[in-house]
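Next, two complexes with subunit A in common: one pairs it with subunit B, the other with subunit C.
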Partner chain A sequence: MIEQLRQTCRRLLEDGRVQVVIGYGQSVPGRPAIPVFIRRPEDADLLVWNDRCFTNLTAYLKRPEVRALGRPAVVVKGCDERAVVVLEKESQLIPEDVHMIGMVCAGMDDPPAAKCAACDAHVPRHADEVIGEAPNPAPEPPGPAQRYAELAAFMELPQAERMAYWMGELARCVKCYACRQVCPLCYCERCIVAKNRPTVIDTSATLAGNFAWAITRAFHLAGRCAGCDECTRACPAGIDLRLLNQSLARVAEESFGYRAGTDPQAEPVIGAYALLDQESFIR
Partner chain B sequence: MSMADQPFEPKIVAFVCNWCTYLGADLAGTNRLEYPANVRIIRLPCTGWIDFNLIIKAFETGADAVLVSGCHPGDCHYTAGNYHARRRWMFFRPLLDTLGIDLNRIHFAWISAAEGRKFQQTVTEITEATRRLGPYMNYRKIVEASA
Partner chain C sequence: MHLKTFRRAARDAGLNPYLVEMANIREQCSWVHHDREAATAKAIEVIRMTVEKVRRNHALEPIKVPLTPRALVIGGGVAGIQAALDIADAGHEVVLVEREPSIGGKMAGLSETFPTLDCSQCILTPRMVEVGQHPRIKLYTWSEVEDVQGFVGNFRVTIRRKARYVDIDKCTGCGECWTICPSKKNLSEFDYGMGMRKAIYIPFPQAVPARPVIDKDDCPRLKRGKGCGLCEKKCAAGAIRFDDEDRLVEEQAGAVIVATGYKLYNIGRDQEAGLAGYGEYGYGQYKDVIDSLQFERLVSASGPTGGELKRPSDGATPRTVVFVSCVGSRDNAKGLAYCSKICCMYTAKHAMLYRHKVHDGEAHVFYMDIRAGGKNYDEFVRRAIEQDGAQYHRGRVSKITGEGGKLVVRGADTLAGVAMTIEADLVVLAAAMRPADGVRRLAQMLNVGYDENGFLSESHPKLRPVETNAAGVFVCGACQAPKDIPEAVAQASAAAGKVQVMFNQGELTREPEIARIDETNCAACFTCVRVCPYTAIERAEVRSPKGTLIKRTARVNPGLCMGCGTCVAVCPCKCPELEGFTEDQIYSMVMSLA
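On to the complex of A and B.
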């Protein structure tokens, strides 16, 4: 697979179809692969593909300095490409802007990361080309019960214990905003936490401010989060932001049959409405 | 009498839209319908405008319960603001639930300009329910830890 990936990279650059290939490069063994930006065909050998390729490289598509390099090709896994589908839906990209090299992925890390255990996109569905053999026979795709298993277990706790859990977790947040920086879908040029007239969210890392930030970050991704879990992986305090993302993804799936980034034709659930939206909580 | 001896009076923040619920509250007033003074009404253009951060901000500043109220479906002055708001709340409540925030303290209602009585009843019910729940100690702990 690595050789095929490198050949593809060489071909795309030689043909001038892209000016840069965003892929994974070797880091210290055992550590996550580092992003590399290949601009010359002879550098294609820097690309690697292994079970440490966690990073969702599509996050770089929003960066002006990356956009300045020219048309990119980006190496994606089945989970990563969902972010590109959402970006296209939100008019942040047009499909011609980016070339997606999809990698068939058996799951990252050993044992597999939490998201990989419930993965139903081992083979990318929307990439321009796919490298690797689809598993044969195809594994049984996991259903919603597996996707939201951790959340369901967490929600078994009484409300006061859930609050106590988050008070403990969010007390460690230092507001580094790594969760925002790695997110391919946090692309506002000016984040709401950077706005101070009026100050919406306490900018210092107080517990109240951390709650407000956690709520804001998650809710701004409501019905949009592609579930790559990069926010959780990037968090230096080890806060399980995945639970918050999942609670919103579950509403989208259960109430609207919508999973962000899986179907380019589906109408987004936020920014849209239906006259017959069913709810039981309004008096 | 010290503060501690006084009965608990909940603070309730009502975010209401300019076109329906605010006028409903106004009607309650002109009809001399009495409702608890615990509610602080904040008038905004439309429920579709009501940012979820305002709800969080209300709790941060000591609210014990929040009411969000606007025009009935089909009555929005801006055609669809309340539909957008409704959909947003459908996502917002489960998120708060995951965080362990008490959903019994966040109320949503449709109250039209003709429903002074409904405004009175809603506010009275919420005040009584919140009085039973007591002060929102969990959120106050968060705020106190932030001082």
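On to the complex of A and C.
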């Protein structure tokens, strides 16, 4: 698989179809792979593929300094590519702008990460080319019940307990904004926290400010979050932001049958209107 | 309502009117609370918030938007005709779109009109000709409105000109084609199936334009792609075009009048969801059970029988006729809750016309109530009963069955308290009025509201009866509610008057409390474009003086924006700012409560 990936990288660069390949490179063994930006065919051997390739590399597509390198190819897993579909729906990319090299993925980490345990996209669906053999027979894709299992268990708790949980978790937030930086869908030119007239979100790491930030971030991803869980992985305080993202994703899926980034034809749930839309949440 | 008054006072005093704010402590406070103490505390807070807001108000100037002084009228029935003529006579251009081959609508098919019994076609056709000849009316028949873009003053309308297979510019309307056409046995839509027409036809002799259309499902040449072609050979003008196709044309308009009219409730068994139909009346099963519009054609001098009343099954003159009113109206169980308003009157007219044609015949009318409000209306009904001998029975008909060439009508006379059985030769059902097909799609295209029955919603039932909540879109005729000809005409003139008021201004004045977008910070996700209910936000590009693309951005069209603030709510980086409700204002209002 790795040889095929390196060959693809060389071919794309030699043909001049792309000017840069964004992929995974070796770091200290056992640590997460680091992103590498391959610009010459002879550097293709720097690419690696193993169960440490956590990073959602599509987050680099929004960076001006990456855009300046020319047309990119990006190595994606089945979960990562959903972000590209959302970016295309939100006019941030056109499909011709980027070449997606999809990797068949058996899941990251050992034991598998939470998102991998309930993964239904081991084989990328929207990539321009896919490297690796699809598992045969294909495993039964997990349903919503499995995908939202942790959230469902959490929501079983009484409201006071959930509030206490978030008070404890968010008290540790230091407002480093790593969650924002790794998110492929946080592409605003001026983040709402940088808007200071008026300062709606307290920029210091107070509990109120942390709540305001965490809630705003989750709301801005409502019906958009592609579920790569990079925010959770990047959080130095170990806050399980995945729970917040999932609770909004579940509403979009249950109420409107919409899962961000899974269907390039579907209209984004925020901004699409259908006569049959459920209105049960209006009271 | 009162904010306007105070703003005007400020303007008269030399202040910018948009510096005035009102703290509503009446409707939003004192009128809705019982606890006086708490309400007083709330009133203080409402005032405190409003003070914070008004401190941050900006002086604003109304926005001027150019307009196209040209009206689109959708529907060429009597209402559409009236509206089009009024606007055109006032000196403005009109585009009139009608989906049938001729204008005239339902009224062109009526026999005589209540309460004067003047001939419907005799009074309507001169108006139709006026439309056809008017230098300022552009007429599209056999055409439908496909799409409406733009906004008040500046609508862009796409019209589908359906394939007519006849070049109406070359055609002289001589009639050679429909005389020679061998395909004769096609049910006439204009006669509601009571008569036949050719495959190439004009719906009725006074059609405007007097240009035929070929029904592609009836024409042997169009069905098989070869053969026949007699009309083409006979046409001296060379106007037959078997290769004709639907074409889309675009027109500009500053205002839209919707006059799409009505259709009758389908009495038979096949019904839309929620309606049950009246299968027990045998409509569609017995040829001699007909609806009111079919009866109009049977007694019309220009109808398929030349005005002689012959029943559909065997052409015999009916000796006993039963008229049933409220079929589908005022019936929550099987039909529609509302009163169709005109049935009482036309049923009286039908009974009267029948007695005028068959002097020794019996006319029986089953009714629930007689609703004859209107000038000379009740007198008309009394005349049908007292002078023309119509026999009125207050009660419902339960069942109609066919037995030995007769129709047995079983009903009740609730005033006499007896069950009734009448052996009839013909039964006429006064079916409810419903909005014409396709009106919901049109309403959605125009952003006009409609009620659960599909009738279009006026802006205010009393004070804004022809306006809609979509700026620049007006309604008239039966698409708004069931109504008779005089009312439809009056409403059409009212709508035309409103359009003239708008056009005479020369340009549109719009409220300045609208959104604008901070283009420097816009990330161009265009979520605002998707959510804007007024399609007021467009995708724009910022380019350098040399023309290189600097960035893409959303941009508000001030002519369309209604200042609802949806874009502000949905933008993640808060780039839209609503003038008069800026984030700074809202924030300080909220903080004043802390």
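Keep this in mind: the second predicted complex is superposed on the first by the 273 of 283 C-alpha atoms of A that agree within 3 Å, B and C clash if a C-alpha of one lies under 4 Å from a C-alpha of the other, contacts with A are read in each partner's own complex, and residues count from 1 in each chain.
Note that a contact is a pair of C-beta atoms (placed from the backbone, for glycine too) under 8 Å apart; a residue touches a chain by one contact, two chains touch by 3 or more.
For clarity, every value in this text was computed on a predicted model and none was experimentally measured.
Superimposing the complexes on subunit A yields a three-chain arrangement in which subunit B and subunit C clash. Here subunit B and subunit C are compared by how many residues of subunit A each touches, and B touches more. Once chain A of one complex is fitted onto chain A of the other, the partner contacts of A:A218 are limited to subunit B, with no touch recorded for subunit C. Once the two complexes are overlaid on the shared chain, A:T206 sits against subunit B while remaining clear of subunit C.
Using the contact criterion defined above for the overlaid structures, shared-chain residue A:E189 touches subunit C, although it does not reach subunit B. When the two complexes are overlaid on their common chain A, residue A:R197 makes contact with subunit C while staying clear of subunit B. Look at A:Q92: by the touch rule set out above, it reaches subunit C but stays clear of subunit B.
When the two structures are aligned on the shared chain, A:I270 is found in touch with subunit B and with subunit C. Of the two partner chains placed around the shared chain by superposition, subunit B is the only one that A:Q159 touches, whereas subunit C remains out of contact. Between subunit C and subunit B, the overlap after aligning on chain A sits in one stretch of 4-12, 22-30 or 328-336, namely 22-30. Common to the subunit B and subunit C interfaces on subunit A are residues 192, 200, 270-272.
Per the touch definition, subunit A reaches subunit C in the complex via residues 90-92, 187-192, 195, 197-198, 200, 220, 267-268, 270-272. Interface residues of subunit B, counted against subunit A in their complex, comprise 51-53, 56-57, 60, 73-74, 80, 83-84, 86-103, 107-110, 122, 138, 141-143, 145-146.
Residue ranges on subunit C touching subunit A, taken from their complex, read 520-527, 529-531, 539, 552, 570, 572-574, 583-584, 587-588, 591.
Looking at the complex, you find that subunit A touches subunit B at residues 151, 154-155, 159-167, 171, 192, 200-202, 206-209, 211-212, 214-216, 218-219, 222-223, 243-244, 247-248, 250-252, 255, 269-275, 277, 279, 281-283.
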